[in-house]
Structure formats: C-alpha cells, structure tokens
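Look at the two complexes coming up: subunit A is in both, with subunit B in one and subunit C in the other.
Entry: the complex of A and B
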C-alpha cells in the first residue's frame, strides 16, 4: 500500500534491488549447503576411493585422490584373509533375526497400549526410561549370566539380548502407527467372528505393514551398529562387522588401509540404504534412539 | 474409547496377555540383570583374584566417588568432551537447518544426504576418521601438505588437548545431522503467517530470526540438546576406536573406564558399582528431560 503512492521509478529501482538481494541470498544458501555436504560426505568419498586404491597409491605424493585404476583387491583380501565374509554374514544373520523377533514381541504390546491404554502413561514412561538406560549398566551382569549359561560366542545370546533391548523403541514407534489405524476396520472383522488376535494378525498387520517396515529397518540398523555387547559377548566365530573393524586399529594410525577402508565401506552400507528409505521418519527414529543398539 | 457393542467389550485378561511376552522378556533380560548387578556392586567379586566373593556393603561406591582418581578423571573427561560437542552441534545444526529451510530446490535429497553420518555406527565413524587422521597416509595430512598448510607429518592425537579436540570434531561430524533434522522439523512447524505478518510490518530478516524463529524454536533446541546430552554420557565406541582412552587416560569417558575395569581388570563388582553411578547420573538427566517435556505439553495445552 505504501508502495502504491510512490513514484514509479523508485518502485522499479526497489524491485530490482530486491531481486538482486534475493538472488544473492539464494546463492549463499546453496554455497553453505555445498560446504556442509563436503564436510559430511567427504569422509565417505575418501573411504570409498581409498578402498579401491592399489597399495602403491597409499605412498604416492602428491596424494592420489581418485585411483587411476580402481581394483577390488582389498575387498577380496578382506573376505578371504580376514574372514570378512563370515563376519559380514554374522552381522546380517544377527541383525535380521533380532529385527524379526523384536517386531513379533513388540506388536501385541504396542497394540495393548494403543487400544486399551494398558498400564496408563506409566508403561510408556517406563519404556522411555529403559531407552535412556546406558548399555554399560547391563554389560557386567549380562556377561556373567551368559558365561554361566554358555551363551557367550553364540548367536542366541546376542540375538536374545538385542531383541529385548530393542523392544522399548519398537513399541514406541508401533503405538504411533496403531493409533492412526481406524478401530472400525478391526471391529468389523470381530463382529464377523474373528478373535482379537486373528484380527490383529490378519486385518491390522497387512494395513500397517509399511509402518512395521520402518520399525524393522530401524531395528536392523540399530543391531547392525551395536558395539559394546558385540565386543564383550562374541568370540572368534561370532564376531560382527563392528568387532572386525576394530581389529585393524592395532597398527597405530597407519594400519592396513586397504582392508580397513573396505570393511568400513561394508559397515556403513546399510546406513546409506536406510537413510534414503526412511527419509520421512528420520527425526522420530533418531530421536527415540532408533540407531543406537 | 468409543462405545463398542457388548460382544466386543474387552475381556479383562486380554491387555495383560498381549503385553505379557515383552514384559516377561524385559524382566528377564533387563530388570533381573540390573538387580543382580546391584547385588554384585555390594560384593568384592574380582575374577582376576578368584570366583569367591563376600559382602562389602557400600565400599565400592565410596571408592568410586571419593578415592578413584581415574574414574573421577573420566567424569571430567566426559564433561569436557560433551560441552563443546553440544555447543558446536547446536550452532552448526541450527545454521544448516536454517539454510535447508530456505532451500527451495532439492531440499529432501540434500537433507537425506546430510543425515547419513547420524545413521552410521560410532565405531565406523571413528574408524573412517582415524584413517583420515592417519599420520602418513591420512587424508587430512595429505591434503594439508598438498596445499602447503602443513610441512610435517602431524600427529592429531599427540597431546591430551589435541586428542580431545579431535574426538570432539568426530563427534560433531557424527551427530550434528541429528540436531539438524530435529531443528529443521521445528523450523518447518512454525506457521508461515507469522513471517508474513512481520514482513508486512517491515521487520528485517535479522529481526524475524530473533523474534520469531529463535523463541519458537527454544523448546525444540532444549529437547535436542537433552537427547544428545543423555546419549553422550554413553560415549564408548567412538573412544574405543579413535583413541582407546589415550594418550594416558586423557580421553577415557565414564563408559570406557567402566569397560576397562570390567573387561581388562576383571573387577566385576567394582565395574557394577561404577555402572550404577553412571545410571544415577543418566536417571537425573532423564527426569529433567521428562520434566521439560511435561512443561512443554502444559504450555501447548
């Protein structure tokens, strides 16, 4: 309104200045974001290129940033010489089993909380406190118990532990998905003579499957990333990728760069996949500790 | 709950039956071990001495809180790593979130790319950076030498202070993306009308930031910082790979020191007592967190 009574030339000059300012702000915004991308993704770029370098490239100066003839030799060495294939499989098996078990156990509990407000707010608060509980508080008694039961160096011990440690997070996320689910659909199934459990499995689960997939992916990443329980409870046959990677630190800061970088690439692969699949849920999942075992 | 037909009224035992499996497992794998750990913390069980132990009461706790210079030092180390990490993560995260909120094109893809470090395990993040810091073959020394900024092979973990700075740098790289995501969500939930009204009143971008964005983002920032604070008290994998507590014990965190006591010295009872001291600290922080959330809900209502 104020502009309308000003002389046309002044208005035009002001509009031009505004456009220039906006263009400049735009440029600075994207420059800043580019700098952030370099800082946060640069290490991944360097690790990937390093894993593809030949051994002589490590010693070269000026340094080789992009290997002229990339080779997978370090991956082959990791899989054969350092038993990488076995440990990669271990990680896959342990994470998949814990993910499935955590879902199966958590779903009915989440249902009880979402539909019946089971335990009132108390149960939810209890689960939140468990989420804050440091793993270090469990490691001493769990180690002694596993030792007594002969569960160290076994899949079973680690899978059982991961499953239970993950329940609070899975329940929290599932409650959210179940609350969004219309009660009427289940009621209709139950009027037709379906039991509550059957309604849950055959009616609710297929519809909230995408939500369950989100929980499953977070659970997979969390168990994949877990380190403290893994290093204490695994032995030579059951090591996970997280434990394997630490074995390369023994050579001081200049170690087996080839195999070490190859194992890091394999170790961060699921994180890349999940970050893209779960874009919409990242904040919620990370805030609740979805990626911390 | 809406009015259900009589036939669908829940049976009394149903909720309990649905919740029972996970509650039983939590009791068995979390609550029982915690109780057992407390019992252990009152004994003098030391695997390096032998399988026999006896009741010593609160002796372990007194030692931890009064005499154990190494543990008390690790409390200090943890604090000195946490404080700058939180400050930088908050500021950097806020800056990037503001940039992202202004980006008109490609925001989802840039956000997803920037979020990746937060999805990676601390061990892998630390391993990548340990190689980057590598004295002879590391990317940082190589780049520095190529650009003429460094003329020697620099050891980034040579002194205690330098080690702490390096640890903080890796921690900032690892978890700023989390702060960024939380703050971006907060910024996006601020109603656009407020900015339009302020612009109509002739407020400068700076004024809009100080009197709209920042006040409305305050609670989001507090929650983000609290979550990071609680998680940082558990800092373990990063230290294990990056410095293994060194040089000396200058980067030993509370979790790492407890690990060493338990699985290097095998002093099980004492490690259990240390872990209970940590739990006490985390519990206080968690209660503060819950209290803040409640205040926020009360304010929203």
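Entry: the complex of A and C
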C-alpha cells in the first residue's frame, strides 16, 4: 500500500525534476544564444546607431545607445562629399555582372565535366587548386597585364578578373549538382525533341536552381567584399564600396565617425540582403552540392 | 616702303609672340584663367580629401579649377601609388605623400623651381618652418614638394590631475620629487604609474595612467612612440655602414620601458591608432599623452572636450644626460604635396599647389580640427586668428614652435616604409610579450639588413650617408654611452 502511494510521488517528483532540468537547459540555451547574439550583433548595432547619431553623441558618457533624434545626415554627407553614390553603384554593377558572368561561364563548363567527364575526373579538382593561389602573389602580374590591356580603372577589367577568379569554385559546386541530376530526365526531354542546350536551360537549370543560387550568392558576396584587386585595379571612377569603407577606417581613424559608420552599414547591407533572400537555397544547395561533389 | 613692310612684319611677329605667350601662361590677374579644368589629386584618407574641400571654393573663384580627389586607404597607399608611378604613368596630377618616402617618390615628381620661374609662383619658402624646409621637400637637391601637414608630437597633460593638492602630496610621498608635467621618460613612467587605476580627478572612476597608440599598422604607431625614447637614449637608425643600431642598448632600454609600463595604459592600447588616445584625453580619462599636434584642436573643442582651458602643452619628454635634458621628439611623419611628373596638366597643377600652400589658404586647412592637418608655416603659428581659436591656443602653438629645434626625422632613405613596418611589427611583438625587447629588436635588425641587401647596400649607404650628415647638423648622432647614463 505504502509502495503504491510512494510510486506516484516518486513519478511526480521525477517529472518535476525533469521539468526543472528541461527549463534550466532551455534557459541556459537561450542565455547562450542571447550572449552570442549580443556578441555578434552588438558591434553592428553600435555601428548602425552611430551612423544615425549627431556628432556630440559619439563620445557621450554614459553612451547613447539609441539616438534621441536619429538623422540621415551622415548618409547624405557620404553620398555628397565622399562620392558614396558612385562607389555604391560601382560595387553593385561590378558584383552583379561578375555574378552573372560566373554563372554563365561556369554552367556549361560544369555540364561538360559532369556529363562527358571533360578533362578527366580531375579537372574540377584541378580548377579548385587555382583558388588556392593567394591573390597577393598574383597582384603585380595581373596589374601589369591589365595596364597593358588598358583595363585598369574600368568595369570590364574587374568583372573579367572576378569572373576568372570565381569560376573554379562555381564549377566545382555545379559539377556536384549536375552529377546528382538524373540524366534520364534530360534524355526524356531530348527524346521529346529538345536540343541539348534547350534541355539544359529549360529542364536542368530550374531543377538545380538551389545550386545556382548558392553560386550566385557566393559570387556576389565575394566580389562585393573583395578589397585587394579593387584597390589596385580601380581608379577614381570605378572605386568600390569596400575601398571607401577602408578609406574611412584605416590610417588614423579619422574624425568622420558618422560617415565611417554609414559607409560600413551600406557596405554590409547589400551582401546581407542577398544572403537573406537566398538563404533558403543556401543550406539546401550547399548540402546537395557539398556531399555529392 | 621696304622699311614700312619690315615694321609691319616686326609688329605682326611681336603680336603673334605675345598672343602665343598669353595662351601658354594665362594671366594671373584674369578671373578664373583656368576655367573648365579639373585636376586629379590622390590622398590617403577621407579627412585629407575633406581638407581640400575647405579651399575648393576660393580655388575655383580665383583660378577656375576644380579638384577631383581619389582616396586610397592609408595601409595600401604607398604600394598602390608607387605601383602606378613605377609603371611610368599616373592617373593623378597632384600627389599627397609621406615625406619619409621621398626617396621612393621623388623621381616621379616634377621639380618646382623651373615652374616657379616660368609661372612666377610664390611658395613663400621663407615662411616654412626651417626643419620641414630642410628635410621634407627636396629630392636629389631639387625642390619637388610643399608641406601639407606638419606632423610632429608634443605633450599634453590634464592640469586637473597635476594641480590637485592631494595628488601632489601623494606623489611627493611616493616618488620623493614634485608632481609636474614630466620632463624625462623616467618621470613620465613614474607619473603614469602613479595616476593609473584611480580617480585622480577627484571622482571615484578608475582612470588610466597615460595614453599611447601602439598599433603596428603601416603608419607605424608603436614605432613613433618607441623612437622618441630611443633617440633620447642616444640611438640612431644605422651606423655609417648601414649596420642597424636599433637593437643597441638605447633601443632595448626604450622598448623595455614601454613593455614594463604597459599596465598603466588603457586596455586595447595595442590596437589604438591616433584618435583613440586623443579621445581619452579630451574625455578626461588619461592625464598624459604625447601625440600629434592636431590633438590640441580637439582639446580646445568644447563640443567634445572636458578639458578646454585645463590642458597643458609642452615638449615630449627626453633623457637627462650629464645634468642636461635631451629632447628628441619625432616628425611623425607629415604629408607633402607634389606634382606628378606624368601629369598632362602640370601648369594648372603647379598653380593649384601654389594656391593651396598660400599662407591664408593653408591656414584654413591646418586650423580645422576635422582635417587633422598640422601647422607647417611660421605664419600659422603666429596667426592671431589661430592663437585665439580656443582657450590656450596661444600656449598650444608656442609649444609646437618650441618643439621644432629638437625634431628627429624618419630614416628618409629608399624603402623607409618597409623599415618602419618591420620595426613597428617587432615592437608590438615585444609589447604583446611574445618576444623579449632584445629578441624583438634583434629580429627587426635582421629584417632591416634584408631590406638593405634587397635595395642594394651601397646605394642605401650612400643615401643614408647624406641623411646622417643632415641629422648630425641637427645635433643628432649615435651616442653609445647615453643608454647607461640617461636618467
């Protein structure tokens, strides 16, 4: 009898302990996540608010976390005095064109490798090896070559270079997707009268869209954030946003904290926006391409 | 008849010549003689670009010229600009550069003197502070640039810390001498130790002992801080045979002191560039700082400074040798402006260089706190407007002027930038306690030898020989015994 009464109590005690432990685990998990969020997003939050602050609030103590009268004055100054609009447009044009060019060139290359084992089984791996060359080792010969071809301070020079630099990774990723793609579907399309090109464009591409989104995303972000080639090959008309950001943030952090912060925000936002738009493809695409490659 | 024809021909030729000359050199008296022309300038920071905007309206009104300015970030500036120049071209007409890199840049600059004669330019050479005129402007004896930023270090202190009776009493009891703005590095270190970690302003805040910038970037912050001690202890960059002297007793003592006193500086000092310690000073969180002269303009700006009218200005400390204090503040490193040899608009660019260097125009640039440009003309220091620009501005300008006779230039030889980077990196290795001071400086010396060999020892030796003679004329020589006896 005593045992029968004791058992529900033990069970209840255990359930309670379990609930407490689970609650504690959740609490710790959320605390950890919150700490991580503060750690990673805190600096960005500070940059965003600084870009909206008045000059008198930069060094205020206690710190002004949220400006009482947020203003876009620093963004306006960035766009007027520091040619921010021009640099922003340059980055947008160069990154978008490089992304498109990388896709256009990589897809047929990857298709040839995947379907006909063009270049043997090692070509895609060999292409990837090209990515391992440090950019700094190439910068002088590339500069001389571009100078001789009249490609310095031009969109074409940077877009061509970024496309070439990015192709190996794009091909390597796409080969994985294409090898995974059932060749029977493609053959069915061709039996129905499609040419190989049409089958590729109308049948294969829509199905491997997540993979192409990954390629596009990486190409865009990589070119948007690229600094070394941009600083060497661009001139006054073609400078990119990353060069502008760095001109505010090196060599004696200057007095233009507001414009510097505004440039960082604008420098980060487009890449962030593209990543956000394509994020659902990103995990799927990476998982597929990464494991089947 | 024949004579009349000759006269007519002579008159026609004369008129033609006048017209030709007139078309080549637009009359300066004419309004906007270069209307419609735009020149391209290259600078290394947004604040330098901003500084040019301060004169752009007057420039346009007077000459009709516009400036389009490209900013190349400081850390990439030397490499990028020299890459362009060494390819035999330049997209820029007006070029900003660090005078310590003159040996690498100089051959790409257009000599000024022929243009001075041709265009009747007046650069006001007599008004330039002598030390800048002597060490910043010439390449192989030819005048090729004008100063733009007279960077030097002076010392700043918060008088609140030094004048509180309590503080004086405590300091005297601990160190057995009176609390005052330090004159020697020993006194500086004592003062930093004394003030660190408590509310020396009467508050209960935990304040810091002193400020510094120890980031090992391209601008070589830690190097500038080290070399002012190093030279005061009798050091020099090389001997006559290009053997580095940076790892001698003077260098090791200087670095050892910096490492030992690290705890008295704010956390993060190893990442500080120029502006962070200035902010700490004007916010009343450090009592002492030696830094660029532009700091004074922030000190005097009531919008951000809590020490307006409460700051002292003076010489960077030195070392007491045989009863005399030897000061060795640094030129750190300044900026110059020159006309590119490859420019297709040399004439108009010369006119622009003259214009922005005019006493009244350059005064606008060096007075504005946001430019971080520092005075380089005697007339800047004596300007009644500047001397009343903020409380104690006159004392600040007097301190700058008092510093000029003691200044030590950078090693102005080819690859100056490389030597500085290598040394700055090793200094920070020691400050981070990854290497001992001796080990770090030995490594830097090895790196310096490599740079010298790569650039050609004989060539470097010849260039250094000239600079060593210049420094000797300024009273700066290697003194091997000073490190031991400096107080």
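Note that the second predicted complex is superposed on the first by the 245 of 293 C-alpha atoms of A that agree within 3 Å, B and C clash if a C-alpha of one lies under 4 Å from a C-alpha of the other, contacts with A are read in each partner's own complex, and residues count from 1 in each chain.
Assume a contact is a pair of C-beta atoms (placed from the backbone, for glycine too) under 8 Å apart; a residue touches a chain by one contact, two chains touch by 3 or more.
Please read all numbers here as calculations on a predicted model, not as lab measurements.
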Simultaneous placement of subunit C and subunit B on subunit A, clash or fit: clash
First (subunit B), second (subunit C), both or neither touched by A:235: second
Which superposed partner A:81 touches (first subunit B, second subunit C, both, neither): second
Partner chain in contact with A:216 - subunit B first, subunit C second, else both or neither: neither
Which of subunit B and subunit C A:100 touches, first, second, both or neither: neither
First, second, both or neither for A:256, with subunit B first and subunit C second: second
Which superposed partner A:194 touches (first subunit B, second subunit C, both, neither): neither
In the superposition, subunit B vs subunit C on subunit A residues touched: B
First, second, both or neither for A:144, with subunit B first and subunit C second: both
Partner chain(s) touched by A:247 [first = subunit B, second = subunit C, both, neither]: second
Partner chain in contact with A:56 - subunit B first, subunit C second, else both or neither: second
Segment of subunit C intruding into subunit B (one of 5-13, 239-247, 329-337 or 419-427): 419-427
Contact residues of subunit A, present in both the subunit B and the subunit C interface: 58-59, 61, 140, 143-144, 231-232, 246, 248-249, 252-255, 260
Contact footprint of subunit B on subunit A as seen in their complex: 25-26, 29-30, 32-33, 36-37, 39-41, 43-44, 46-47, 50, 58-59, 61-63, 105-106, 108-109, 111-113, 115-116, 118-119, 123, 125, 128-130, 132-145, 160-161, 163-165, 167-168, 171, 183, 187, 190-191, 196, 221, 224-228, 231-232, 242, 245-246, 248-249, 252-255, 257, 260-261, 263-264, 267-268, 271-272, 274-276, 279, 282-283, 286-287, 289, 291-292
Residue numbers on subunit C that touch subunit A, as the complex places them: 40, 44-47, 49-50, 53, 68, 70-77, 80, 83, 87, 89, 91, 217-219, 273-276, 279, 282-283, 303-304, 369-370, 372
In the complex with subunit C, residue positions of subunit A that touch it: 55-56, 58-59, 61, 81-82, 140, 143-144, 147, 153, 231-232, 235-236, 239, 243-244, 246-256, 259-260
Touching residues on subunit B, where the partner in the complex is subunit A: 1-2, 4-5, 7-8, 10, 14-16, 18-19, 21-23, 25-26, 28-30, 33-34, 36-37, 40, 95-96, 99-100, 102-104, 108, 110-124, 127-139, 142-143, 145-146, 155, 157, 173, 176-178, 181-182, 184-185, 223, 227, 230-231, 233-234, 236-237, 240-241, 244, 254-255, 258-259, 262-263, 268, 271-272, 275-276, 278-279, 282-283, 285-286, 289-290
